[in-house]
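Each of the next two complexes has chain A plus one more chain, namely chain B in the first and chain C in the second.
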Partner chain A sequence: MKTAISGREKSIVKKGNKKKEILCDSDSLSGSVSQRACVYCGARVVLNPITDALHIVHGPIGCASYTWDIRGSLSSGDELYRNSFSTDLKEKDVIFGGGKKLSLAIDELVQIYNPALIFIYATCIVGVIGDDLQAIAKAAEKKHGIKVIPVESSGFIGNKSAGYRAACDSLLKLIAPEKPLETIPGSINLLGDFNLAGETWIVRKYIEAIGLHFHTAFTGDSSSETLKTATGASLNLVQCAGSMVYLANKMEEIYKIPFIRISFLGIEDTIGSLQTIASWSGDQLIQEKTDQLITDQLDGIEKEMKQYRTMFTGKKAAVYVGGGFKAISLIKQFRDLGIEVVMIGTQTGSKDDYRQIESLVGEGTVVVDDTNPAELERFIKQKGADLLVGGVKERPLAYKLGIAFIDHNHDRKHPLVGFEGAINFAKEVSWTLNSPVWEFV
Partner chain B sequence: MNAKNVNINPCHMCMPMGGVLAFKGIEKSVVVIHGSQGCSTYIRRHIAEHFNEPVDVGSTSLNEKGTVYGGEDNLKKGLENIIRVYNPKMIGVLTTCLAETIGEDIKRMTETFIKDTGLSHVQIIPVHTAGYSGSHSEGFFSSVRRILENTVIPSEPNGKIGLIIPNISPADIRELKRMMKLFSLPYVVLPDFSDSLDGVYQKQYLKLSPHGTKIKDIQTMSGLKAIIEFSATLQDDLSPGEYMKKEYGVPLYRIPLPVGLRFSDQLISVLREISGKKAPKMLLEERGRLLDAMIDAHKHNAQGKTLLYLEPEQLYATISLLEENGVGIVLAATGSEYSTIAKKEIRQKDRLFTGADFDLIFKEAEGQDIDFAIGNSDGRVLTEKRGIPLLRRGFPIHDRMGGGRILSVGYAGSIQLLDSITNMILDKKLTSYRQQMTEKLLEPLKNGAESRGESYGDKI
Partner chain C sequence: MLDNTTKEIRERKSKGLINPAKTCQPVGAMYAALGIYKCLPHSHGSQGCCSYHRMHLTRHFRDPIMASTSSFTEGASVFGGAANLKASIRNVFTIYNPDVMAVHTTCLSETIGDDLPSIIGGSEVPEDKIVFYANTPSYHGSHVTGFSNMTKGMVQHFSTATEEEKKEQVNVIPGFVNPGDMREIKRILSLMKIRYIMFPDTSGVVDAPMTGEYVMFPEGGTKIEDLKDTGNSKATISMGLSASADAGLALEKKCRVPNYTLNTPIGVKATDEFIMKLLKIGVSKVPAELEEERGQLVDIMTDTHFHFHGKKVAIFGDPDVVISTTEFLLSLGMVPVHVLTGTPGESFVKTITEMLDHAGLKANVKAGGDLLMFHQWIKNEPVDLLIGNTYGKYIARAEDLPLIRIGFPVLDRSVHSYLPIVGYKGAMRIVEMVSNALLDRADRDAADEDFELVM
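On to the complex of A and B.
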């Protein structure tokens, strides 16, 4: 497709046009005004919900300042993760090295907070000035007798996905047991759920209701204790595959824990996921309980959903979100509400994700990877979208274009997973699409 | 213990943040941040959330190769793409920690770019804004200074007054302009993001705001009659006005932000001096109204105790308003380390902290009776953990609407700020006095009655 920015052509496809695969998982183009954040951001998003971890950002102040308690992950216990610690490197540290300051910072923080676990994030300049985080972490572990794990998240080593991998590598270090754990039958880890507005708790409720054991989430409302027992689970569920499929693969390879991909966004995917889990168990009783859960839950929301299903007929949606699984579920969720997705894209979707996306959307739908405000504007107008799904940066653009907006990011304050999440989603669509404000526009 | 080697919950942001805000105030300008992708995205996110306006900022998306071999190719490509999509009149090229650490010579690179491409309709301003060499407040002023250094040309006197502002709200900028109009004085505000960051809904969306300081008005700032710079706490070498004074001999008045009666009077007296005119009737009336409001509220204010954390210039001006109204200051803090605020006349100098983080604010507030705090949204932890209500002022305000529409300058703005402050004090008092008096006065009576084997309220 013709684009203003050269090099972006291969990242945009229109369904129905001659068959070509979208270019994705590549570095952002300079000057393209990508909506992506950096490696550090990717790593921090994944690890931040671990509630009893102390997160030290080794670098200048900005990286810690911009990520202090801006996410909506909830905790059932510790609140340490809601702080931002920075070594606040200055010019002289950049010249003479910041390693010593980091070691002293760890000593001070251990004395004040006595944490069970510390993550040290490398920022851009750390990768350049060459502070040896591995050695510093090792020395601190020995000195304080706690886990100190470096996260290789220098901003320039790749895009946000590289940050996900860095976080997963750090998690692998954390979960490694001293001696192999005994596998607990019917016990499940949930990977790629961050307990935004309590979403992990909703999934946990379902898992327990059908008679299985919920082990730990990666990483929503998890702690160093729950994560250390993760290798004793008998199944990994992978929701946000973009961030966690790497970890799932590694856990299968090292600990022989199989994984299945699921998604609890929207009614269709929630039902499908529950059924997949039940059939994995091979247990008749669990199957029955699952069917019962689905019936009960559907009964509970059916009346309300029915109202919403008639409200939005003929409306068109544009979707631009971080990961592939969200995009895929959203297509189905909108279809359930009678809304057609006319433009869709992700920051970090994989080739697999895009194949699924293309198979689900209608002819003529524009699919974009790592897009930017200029392209969003162009396709929203061209396709006549009435609504955009996105994050904080996309929201004002939608409003300036005079269309509705759905917040679908880590800042959300109401859960969007499961049956109750589907209702919340429909409600939000109605708040924005049916607002009287559009009468004046 | 106090942590000396670690910042716990930051109270400031980094240099490029201030730079982006400054460039938002120049007509048809856009910023390219030379570094890895995250810097521009985080900055866009914060600004978008405070103002509810789209903020497009380019990044040169430096990768490993660019970091090892230099990022000139990235910068060149980034500039080309930005020009193609946005067709700007001015591009600010801001560096990051990464670019500065690997020693990128952006001055030479941008000069080469202009020479090679032969572009004449776009001006490129390189600014060194390493995140580790100052806070966003310093980034703001150094960007404004670099814009002047790169844009101003010798020109004939034009009789206009220049207003150089710190990071204040669009509503504040509009108020300053209104005051200038009431004085019938022609003016240039630099930077002027009163429209670009608090836009009007229009049928046609424009990627770049046509509003902001006109570049031709910046070019001819050498011909200004005088410059008023709200920079009482700024180091001289960062002051854009000092540059204009030294380079072009433009008379410079460096005064505090006109917040409160005294500091607003100071602006009026400078305007009178420059113009030789009397203060307009409407402003005098507003002054009278402010004084009236101060008298009306003085007893309430005398009972109030607050803590505040703001950017240096806002901090100094707000302290002055609190002092002149008799509101107690438990502590006043700023995240910036470089401001000269500590040299200013402030009554309780021992309660002033520069280079602060929230850990320090919590420790200094420990055990103190505080009615409310004044500062940006990050202070919501004070409410959550200490039950101290927060009067949201400054930047960023990311958990409430209308950050860009908060007015605090001039007599009119000071009335609004003062009323908000007094109402915080009243709110605390009116929601707690019944319980307090009951506990203090009624409980002993009840206990006394009980000890006599009676019950309070029994008929005699």
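On to the complex of A and C.
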């Protein structure tokens, strides 16, 4: 297939072509207008929703400024995480080291905010000047009697996925109990949900409704307290696998907590996930409650969904999102609405994700990894998409092309998980597709 | 979120920032470079930088922001980024084919010491294409410094004095303002019937119209031949000491084009100064349209002055914009009590303090400050109105204050980048924003018996 960029051929496949596996999870090409972010970004988005943590970014100001409260993760308690803290490294710190400044900043911030927990993020420059974050964190922990956890997130050491792993390593340090916790039967952690627009709350409501105990999410609306209970869970649910499968594996290895992959995006996957959880429990009562929950919820949305299912016949969607699970769920969700996905891609999907994506999409659908605006434009036009699903940087691109758009990233303003999320999604598709503004284009 | 901010201001020896009022150089450099016709800004560093800058600019302008990145890896940080930049140059011209590639550095590439001129010199650049650069270390200054450095880079690379005699044309460096402001400044220049070269000029790039087609390089931006020709102009007006003066001075040094650094033309005084300067440079008279606009503005100011008098304001943002806006607030009879910029530089403090002295006022003034300090000032001396970028909304909420969004970035409101705050028209807009904010609040807070139809 002709691609926009030579050197990117292997990152694009078209379903129906002769067997060829997509190239993914590799470094971006130098000089491309990549939509991807860095290690620090990956680490920050995973850890940021921990509400009572003080997140110090050790570096020049930019990294702290750009990540100030942009995650859209909601809190039911503390709001400390929504502030921005930076050591604001200057030229002389780069030359002489920024370690002292960091220690001093920690002391001051502890005085002002008295936090339960501090994360120190390494940025690019810290990786080069070699400040010893481990030692500084250790000393600060001793001095202040709180958890101070360094995050090895120098931007250049890999891509966003490496940041996810760095965050998971930090989380492992945080959840490690002093003495092993007793496992609570029928208790659950939810990994890879960040409570965007209150989504964790919806999943938690379902989990509790079917009679299971909810420990904590990783990391939506979590706190140092809830996270410390995590190792007492009997099951980990993994939603955003891209960011969390590593943690799930580690928790299985260390704490013998098994995990299953679920997704609460779209009706099909929500039902499937609830049933998987119920059958894992092996408990007749839970099974019954689950069936009841599904029936009730479906009843509640049936009428409205029915309307939407007739509205979009013949419409085509393009999807470019961060992780694989979201892409997979979206294909099903669009199918439910009668919309065909004609182009789909992710920033950080794995080979497994892409295999699943390819098995779900129709013949001729373009599948891309780590794409760029030029390719997005080309495939949107070529495939005649009426709607793009993406994040901040894709929105104006879609609009310029005169097609509808849905934010499925940090800027979403209503929850998209569960049954109510499915309705919200359908509603949003309808609003954007049917807006009168397109008539003026 | 800021409900627990305390009144007590502690000394912070670390000089770390809490809720910053600035960001780093590269984003300013990227914005400036977008003001050149068919130019692709290039971020020489990790790919996160580029992604963040594009995201930030996209949120502010609500338009696609294009920029490429060297995508540093661990190897680059050890062996230097030369290979990445060379590959980038090759790829950018094969894939995106801009006319110009404007490279800016990042904290990483500066720290590992990449020597841009020699890397670019050793790269294969297609014959009719241009690669130029600016050093924009993130650990120095702010986004405004980055804008200034990239603008200065344009002078250093392009400006050339080829003519014996200077041409009847003026260079105008608008500074870190919105495309709506650049359009307004150009409108004034056209009304004055003066030939001008504006650089950088992001109008038509980040406020491009909807056509149903996506073009990677929209029609706006300063043309290369014009950038070169800036060396032949008879004068440069650089607007704002922080964002534009360095480029103006570099042009004076390089091509002997006299530089006049003026305040960003926000408010009646600064706009008057701009127009008076044009008169001095060689325009014969002020056109009737502008005189009428000024008259209208003053009329509006007199019609509304009683709403403003004695009202206390806290204002923060970028130095050039804050300096001129503060002056205009004083002209309206308002009382700026807290004035802060995140960008370091003592000239800011000096300028604001002189202005306040002149008005017989005292205020908290700081350069290189952060929004925790600003909030604490407000706690200690409450105000009636807050002016700043979107990040002011947390303080506005905690203190129940009306907020007017002026500056960069504005992430939670739209249309702002299309409409000017400069010139007489822009000043009218500010008066409207300020009086609406104050009067909406008065209406909201009024007791039933005080709620009035006419205000």
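Just so it is clear, the second predicted complex is superposed on the first by the 440 of 441 C-alpha atoms of A that agree within 3 Å, B and C clash if a C-alpha of one lies under 4 Å from a C-alpha of the other, contacts with A are read in each partner's own complex, and residues count from 1 in each chain.
Note that in this section a contact is a pair of C-beta atoms (placed from the backbone, for glycine too) under 8 Å apart; a residue touches a chain by one contact, two chains touch by 3 or more.
Because the structure is a prediction, the values reported are computed rather than measured.
*Asks:* Under the superposition described at the top, does placing chain B and chain C together on chain A give a clash or a fit?
*Replies:* clash
*Asks:* Scan A:62 for contacts with chain B and chain C and give back first, second, both or neither.
*Replies:* both
*Asks:* Once the structures are superposed on A, label A:159 by its partner contacts, choosing first (chain B), second (chain C), both or neither.
*Replies:* A:159 sits against chain B and chain C alike.
*Asks:* Figure out whether A:224 sits in contact with chain B (first) or chain C (second), or with both, or with neither.
*Replies:* Touch status of A:224: no partner.
*Asks:* Classify the contacts of A:189 with the two partner chains as first (chain B alone), second (chain C alone), both, or neither.
*Replies:* After superposition on chain A, A:189 lies in contact with neither partner.
*Asks:* Once the two structures are fitted together, what part of chain A is touched by chain B and by chain C alike?
*Replies:* Correct list for chain A: 4-6, 27-41, 56, 59-68, 83-91, 93-94, 101-102, 104-105, 108-109, 111-112, 123-125, 127-129, 155-159, 373-374, 377, 392-393, 395-397, 399-402, 441.
*Asks:* Name, in rising order, each residue of chain A that touches chain B in their complex.
*Replies:* 4-6, 27-41, 56, 59-70, 83-91, 93-94, 101-102, 104-105, 108-109, 111-112, 123-125, 127-129, 155-159, 373-374, 377, 391-393, 395-397, 399-402, 441
*Asks:* If you look only at chain B, which of its residues touch chain A in the complex?
*Replies:* It is residues 1, 3-10, 12-14, 16-17, 32, 35-46, 48-49, 51-64, 66-67, 74-75, 77-82, 84-86, 96-98, 100-102, 130-133, 135, 199, 201, 203, 205, 207, 378, 381, 398 of chain B that touch chain A.
*Asks:* Under the definition above, what is the set of chain C residues touching chain A in their complex?
*Replies:* Contacts found on chain C: 1, 6, 10, 12-20, 22-24, 26-27, 40, 42, 45-56, 58-59, 62-74, 76-77, 83-85, 87-92, 94-96, 106-108, 111-112, 137-140, 142, 208, 210-214, 216, 391.
*Asks:* Which residues of chain A touch chain C in the complex?
*Replies:* Checking each residue of chain A against chain C gives 4-7, 27-41, 56, 59-68, 79, 82-91, 93-94, 101-102, 104-105, 107-109, 111-112, 123-125, 127-129, 154-159, 373-374, 377, 392-393, 395-397, 399-402, 441.
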